[in-house]
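There are two complexes below, and they share subunit A, which is joined by subunit B in the first and by subunit C in the second.
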Partner chain A sequence: MRNTYLWFIQLVTGVLIAVLAGIHTVWMHLDAILGFFGIDVRDSTAWHSMIERSREGIWAGLYIALLAVVLYHGLNGLRNIILELTPSARTERIVTRAIIAFGIVIFAWAAYVPILLLST
Partner chain B sequence: MRQIQPRNNHLGIGGWIWAGNYKLERYLYILHRVTGLGILLFLLLHLTMTTVFRIQGKDVWEATMSMLHNPWFKFGEYLVVVALIYHALNGLRLILQELGFLMGKPIPPIYPYRDSLRKKRPWTMAMIGIILILCLVFFYDFIAGGW
Partner chain C sequence: MDKQKNEQITFRIQRYNPEKDSQPHFQEFVVTSSRGMTVLDGLIYIKENLDSTLAFRTSCRMAICGSCGMLINSYPHLACHTQIEEFHSNRLTIKPLPNLKIVKDLVVDLTPFFETHKAIKPYILHHDGKEMEKPTAEFAQSPQSLEAFLQFTYCIKCGICISACPTSASDKLFTGPQALAQCYRYCADTRDEGEMERFPVVDTDHGVWHCHLAGACSDACPKGLDPALAIQLLKRRMVSQAIGLGRKEPPARIVPPPAQTKSKVPFPDFTVKGSK
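This part shows the complex of A and B:
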């Protein structure tokens, strides 16, 4: 039953990422086409524009939420691929724990930076 | 200790690439897996850039950005966008299929039978069409935005 829940969360996070990462990709890359519709997103990666976004709590919140769903979806997908090779129960346990530990470390670090930058 | 039921995957890693006389959907599945692993690798690089380099201040950030504006990095970035588009749309197709939305209404089993794969095939082709259109739109923007 546990794997059913993990798989269901995989589907839900997939839809969330399609929406959130879709907005992120369009905002960061479609500057010429967005400009045609009167939306100016030029220099979205420039220091001043990045720092301006970093000071707003809504952006930090969105980035941290996206980080959580992306890390779950990506690392659970990686775990599914590795476990398809039919490892022993011991290997499965090691793989699961290593992936959870890796995910927690990455999340803690990558969530800490936007929180730190809120006060810059 | 918890016992794990053995799963049938005798082909191992080789089975990811070749697994018998499979059709289009099987290759879409392989591509889904490959793009997923590629996006995960990109995510780790992206997180390194937006945390380790960003926290070091303006000079390091601008030096990183000027390096990333190299045409080869731009091309790599375009490939990541293509992988994202494919993985997202193919994933949505798989979710809709898994939840039974693309099955169509039940029909009497009169010869020649329409199997579920052929019922879903038009949706698959529509998905491929949308992916190609989106890839072209982003390609235009990458060209228009300058390499």
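This part shows the complex of A and C:
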């Protein structure tokens, strides 16, 4: 039932993207609305604000989680599109392994910054 | 179209004889049609009077056998079930069903279609093999349980859904709406216990998860089935089973058949004198 689990995770990550990217978008771009509710985002798009946020565990966790779900959802979707072109079994294996490797590299590279900031 | 008034209809038919032709080409025939005439009637007229080499499948001529599926004016139809006058045109373009290899003219190779159908084990699977072979009892199945899958039993295996499916067009290894709908039909049947044998067949890289819910299969089905619904219900069933959630309906009980009762009305044994 491997493909069933992969698809279920695709559904779950889709929902999580809506939630986490929603929080991210609201925080970054709807400062006027947040200000109406008394939340001061302190120039959220500025570099120093981003660095300060990444030092907080909850924000670092949100960014890393958002990165993970977006990578899974996008790369699994890309893999499914490529598989619909019915390549050979060997090509399918190469594509799957390449996508997994690409995802791991990007995750490690992008998650490195908030993890480093958390530890300093 | 008036019953008395006949119209000249041009049938533009794709021809292809693999023994002679390098590629398909079109040939036109003019048929005099009248009210009530189906496309199949036109094809039979052409074969009997104009060109006996025209190849197409036909059998029941009443939309129950599924033989005469073909592309008529760019949409898959059963030729026997399609009136000429519903196109409101005096020109019909007829081609074989797409997404299937052409054998000759309007005849396509349905072998992969039937092989895929066979692969999902389209029969009741029950642990009591002896009872299945030589039944001594009955399954008690409620009307509500039957309603859950009844419409999908009406499939006539015509192949029109496969031809309409955009995923089948791009992914030649896709299981297809017909087999997936039949997989659901048997899994949803409370008499069946073969769910876990069928799921691995459709849980593949080119199985149920490649359905994008285009809905073209349901739109094209000549029997009014909804294969897209069956596929979505199958996906739900598989996810529920994988994550251990969801209510499982109880299997149909096996009950002894009703006892033979004496007739309340005194019918005579034989109505024809002397017969026995």
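Here, the second predicted complex is superposed on the first by the 117 of 120 C-alpha atoms of A that agree within 3 Å, B and C clash if a C-alpha of one lies under 4 Å from a C-alpha of the other, contacts with A are read in each partner's own complex, and residues count from 1 in each chain.
In the analysis below, a contact is a pair of C-beta atoms (placed from the backbone, for glycine too) under 8 Å apart; a residue touches a chain by one contact, two chains touch by 3 or more.
Keep in mind that this is a model prediction, so the values were computed, not measured.
Undergrad: Between subunit B (first) and subunit C (second), which, if any, makes contact with A:I82: first, second, both or neither?
TA: Once the two structures are laid over each other on A, A:I82 reaches no partner at all.
Undergrad: Looking at A:I64 after the superposition, I want to know if it touches subunit B, subunit C, both of them or none. Which is it: first, second, both, neither?
TA: neither
Undergrad: Return first, second, both or neither, reflecting whether A:W109 touches subunit B, subunit C, both chains, or no partner chain.
TA: So A:W109 only meets subunit B here.
Undergrad: Specify the partner with more touching residues on subunit A, choosing between subunit B and subunit C.
TA: B
Undergrad: Check the residue A:G22 against both partner chains and state whether it touches subunit B (first), subunit C (second), both, or neither.
TA: First partner only.
Undergrad: Once the structures are superposed on A, label A:E92 by its partner contacts, choosing first (subunit B), second (subunit C), both or neither.
TA: Both partners, subunit B and subunit C.
Undergrad: Look at A:T4 in the shared chain and tell me whether it touches subunit B only, subunit C only, both, or neither; answer first, second, both or neither.
TA: Second partner only, subunit C.
Undergrad: Which residues of subunit A are in contact with subunit B in one complex and with subunit C in the other?
TA: 11, 84-86, 92
Undergrad: For subunit C, which residues are in contact with subunit A within the complex?
TA: Those in contact with subunit A are residues 167, 170-174, 199-200, 203-207, 209-210, 235, 238-239, 241-243.
Undergrad: Any idea which subunit A residues touch subunit B in the complex?
TA: 11, 14-15, 17-18, 21-22, 25, 29-33, 45-47, 50, 67, 70, 74-75, 77-78, 81, 84-86, 88-89, 92, 106, 109-110, 113, 116-117
Undergrad: Which residues of subunit A touch subunit C once you look at their complex with the stated criterion?
TA: 1-8, 11, 80, 83-86, 92
Undergrad: Help me check something: in the complex, which residues belonging to subunit B touch subunit A?
TA: Touch residues, subunit B against subunit A: 1-4, 6-7, 9, 12-13, 33, 36-37, 39-40, 43-44, 47, 50-51, 54-55, 58, 61-62, 65, 77, 81, 84, 88, 91-92, 95, 98, 137-138, 140-142, 144-145.
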